[in-house]
Amino acid sequence: MSFKLSEIAQKIGIDCRSDIEINSLSTLKDANSKSLSFFHKESYLNDLKETKAVAVILKEEFVKYLPNGVIALITDEPYKKMALATKLFAYKPTAKTYKAEIGENTEVCDSVKFGKGVKIGKNCVIMSNSFLGDNVEVADGTIIYPNVTIYHDSKIGSNCIIHSGVVIGSDGFGFASKDSTNVKFYQIGNVVIGDNVEIGANTTIDRATLGSTLIKSNAKLDNLIQVGHNCEIGEYSIIVSQVGLSGSTKLGVGVVMGGQSATAGHLEIGDRAMLAARSGVTKSLEGGKIYGGFPAVDIKIWRKTQAAIARLIKRK
Amino acid sequence: MSFKLSEIAQKIGIDCRSDIEINSLSTLKDANSKSLSFFHKESYLNDLKETKAVAVILKEEFVKYLPNGVIALITDEPYKKMALATKLFAYKPTAKTYKAEIGENTEVCDSVKFGKGVKIGKNCVIMSNSFLGDNVEVADGTIIYPNVTIYHDSKIGSNCIIHSGVVIGSDGFGFASKDSTNVKFYQIGNVVIGDNVEIGANTTIDRATLGSTLIKSNAKLDNLIQVGHNCEIGEYSIIVSQVGLSGSTKLGVGVVMGGQSATAGHLEIGDRAMLAARSGVTKSLEGGKIYGGFPAVDIKIWRKTQAAIARLIKRK
Amino acid sequence: MSFKLSEIAQKIGIDCRSDIEINSLSTLKDANSKSLSFFHKESYLNDLKETKAVAVILKEEFVKYLPNGVIALITDEPYKKMALATKLFAYKPTAKTYKAEIGENTEVCDSVKFGKGVKIGKNCVIMSNSFLGDNVEVADGTIIYPNVTIYHDSKIGSNCIIHSGVVIGSDGFGFASKDSTNVKFYQIGNVVIGDNVEIGANTTIDRATLGSTLIKSNAKLDNLIQVGHNCEIGEYSIIVSQVGLSGSTKLGVGVVMGGQSATAGHLEIGDRAMLAARSGVTKSLEGGKIYGGFPAVDIKIWRKTQAAIARLIKRK
């Protein structure tokens, strides 16, 4: 899919005459010479200064930080304008189904439905009534239980186990809502899952807004977990049931999150950190430590705090 | 479906000889001249005084509040007796499937199954392995992703997006349990969803006990949310993942609820109120303010409280 | 399925020459004269002393507690070694489907898929796109709504109602992770559900690691609940939506758990205990009382504590 920059600009209501070709919408960091990007948060200022995008949607006051030669699309509402642009690149849902390319020794129930261009490796089992959308790829030895849905463009590694009711690649939750019109930011990224990953029943993993949501090899996810768009879950991480990861949470290697714990978005949790059940993480946390409480703090502090709270009613 | 009042009375163990025709069970408020209703909570006393029901199940002491001419079915257990009555009007599940009435330019995967009398508008896409029960109606331009279940009598507006694994119209959780026998209150209402509503993966929206659960136009729901029976979600509301709304919660226009927040039942949240992630709402809240904590209070108070809690262990 | 003990020992890297036949892996308590068991937690010491297993995997220091004649398989990592053994007895997923044995007057939609040896009783309704795995049994009068998945070996009682999106019998979350390699403990138990049980939309019930996860008769479960492996839910219990029960939680008769409440694993809650919404149970609780808070305490104490917390910011 590609458009002239001027066409996109016209659709989103910004004045721009350049006929340069745009074939992707990207973050500032991932952009290339055919990407349109946007700048809406000062925390991305370094990315702005180094972007390889051909054009950037941004407020006038930040134009001075653009690298030489990058075209500025100026607006007071860069997030909303980018949201409008995503509509042009958005997936068009269809009910058509196709045959998949299926490896040796793989079993597929005849009730399974495929989008266009699906590739399944060897020695896989795809059970009843599951659906794999356009361009989904599944590597060797992966088991998909019944009633699983894998949206278009998702990539699943080898020897994974995907339990029933799992939804991979549904839209992340993105709305440009400043003016209360809830303009949808179409989710044009995907989900990439490594090898030996297990995903529990009815867990949902949202596709990235732009780029990829990543579940790295050997991570194990329990049931009814929400993984927001653009999250990254490190190798060997263990996520217990009903955990909620807000968008763009990054977990390091071997992180353990107890049941019903959760994170606010756009933060990082270091390697081998452990979160007690029901912890609520509100800022980035160093690795190698155990945390608890909401907001999550060193678990020793949380335990002392709980003891102090319990003592409150004895003092009176 | 209709019954003589005397037949219903006999089935539920109340003495009544009237042969008047009853064709619906209703709340006191929604009742008409062919409805049987019930009164079990003093907070509905005004509704009792003004009901248009032809007959009401209630305790003897409240008979004096009945409008002239309304028949009293007297019992000590009105909720349980009404629960027994709902069984007569309950949906009878069936595995039979039918052809739907499908609008122009709508795509339906051949693996989709329909109950009787389903109507789909124009320009819709209904993807693999979804199910739409008896009398479901879907308006123009709505997208239904794979593995969605929409129970009988649900009405879905135009240009909605329903993600995979969503369940709309399953039974609300109602049991007349006073005597520990967990008598089911059959859920004979429905779900009505407005236009431009988006519902995230694996979210569940229960049908109303009596009447309708309402998701109004332009509301956006994320993944793994529970919407209890008889809830009302106002226009442009934004509900983040893993939120739980107990039965009969009413959200105004443009309410924002953060991830994992929840409400107790039978309360109202005013227009444009915002609830921080994990808030637990225990009573009705005014609109236009930001709340946090459990029980949810003004967010400034909650932040001060959190700071005070953190200081507890420094004092010692 | 059966193996010589020496074969199993070789596969898991323990030295043992006995050619005795092993046809099951069991807990110490449930073991019989053809079972291999394991001992990894001191809390099971009494079970060790009385086990009927033919052989037990355990650390050297506990060999002295073994009953006479029981064979010891000695290792420093009994949990991990047992996990390796479970792979031999694990279910091998397949996409093949079969005809079921179906009772009189039962309706099954033609889109429903069955594993081998499935038996359905009389007067049941099995709706569209559901899946019932190998050896599943469903007793008379049970209703299964669309898009339900019931894994192999699950047993469902009579007159149950299973709502859409429910997953019964998926793998419990078990990994022998001491050395960060996340070795899967294959879940070779099952799920057994009594009569008159209702299970709400998108709820997940994990199969037992060894033995059975039990949902007893007349229990009612709401939507989006997680029931961990080896849990036991007592008769007439009421579990509200989004509750999380960690592995091996035992609820007595008539227990009520409010929405979003949760339990840590391996604990018991006595008959007719009530847990307020969002309670977090961290240790066993007596029956007949009402609890609230996290950690859950007598609700009067919790209320006083909440009041004391609210007063903290008034003192200053």
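For reference, chains read A, B and C in written order, and residue numbers begin at 1 within each chain.
One rule holds in what follows: contacts are C-beta pairs under 8 Å (C-beta built on N, C-alpha and C of every residue); 3 or more make two chains touch, one makes a residue touch a chain.
Computed from a predicted structure; not experimentally measured.
Participant: Starting at subunit A, how many touch steps does it take at minimum to reach subunit C?
Facilitator: Minimal hop count between subunit A and subunit C: 1.
Participant: Please decide if copies subunit A and subunit B contact each other with the same set of residue positions, more than half shared, or with different positions, and reply same or different.
Facilitator: Homomeric contact, different residues on each side for the most part.
Participant: When the centre of a chain is set as the mean of its C-alpha atoms, what distance in Å lies between subunit A and subunit B?
Facilitator: Whole-Å distance between the two chain centres: 31.
Participant: Going through subunit A residue by residue, note those that touch at least 2 other chains and give them in order.
Facilitator: 111, 129, 147, 165, 202, 224, 242, 260, 309, 312
Participant: Sort out for me which residues of subunit C touch subunit B in the complex.
Facilitator: 107-109, 111-112, 125-129, 143, 145-147, 161, 163-165, 196, 198, 200-202, 218, 220, 222-224, 236, 238, 240-242, 254, 259-260, 277-278, 306, 309-310, 312-313, 316
Participant: Along subunit B, where are the residues that touch subunit C in the complex?
Facilitator: 93-97, 111, 113, 129, 131, 147, 149, 151, 165, 167, 170-171, 173, 175, 177, 180-182, 184, 202, 204, 206, 224, 226, 228, 242, 244, 246, 260, 262, 264, 280, 294-295, 301, 304-305, 308-309, 312
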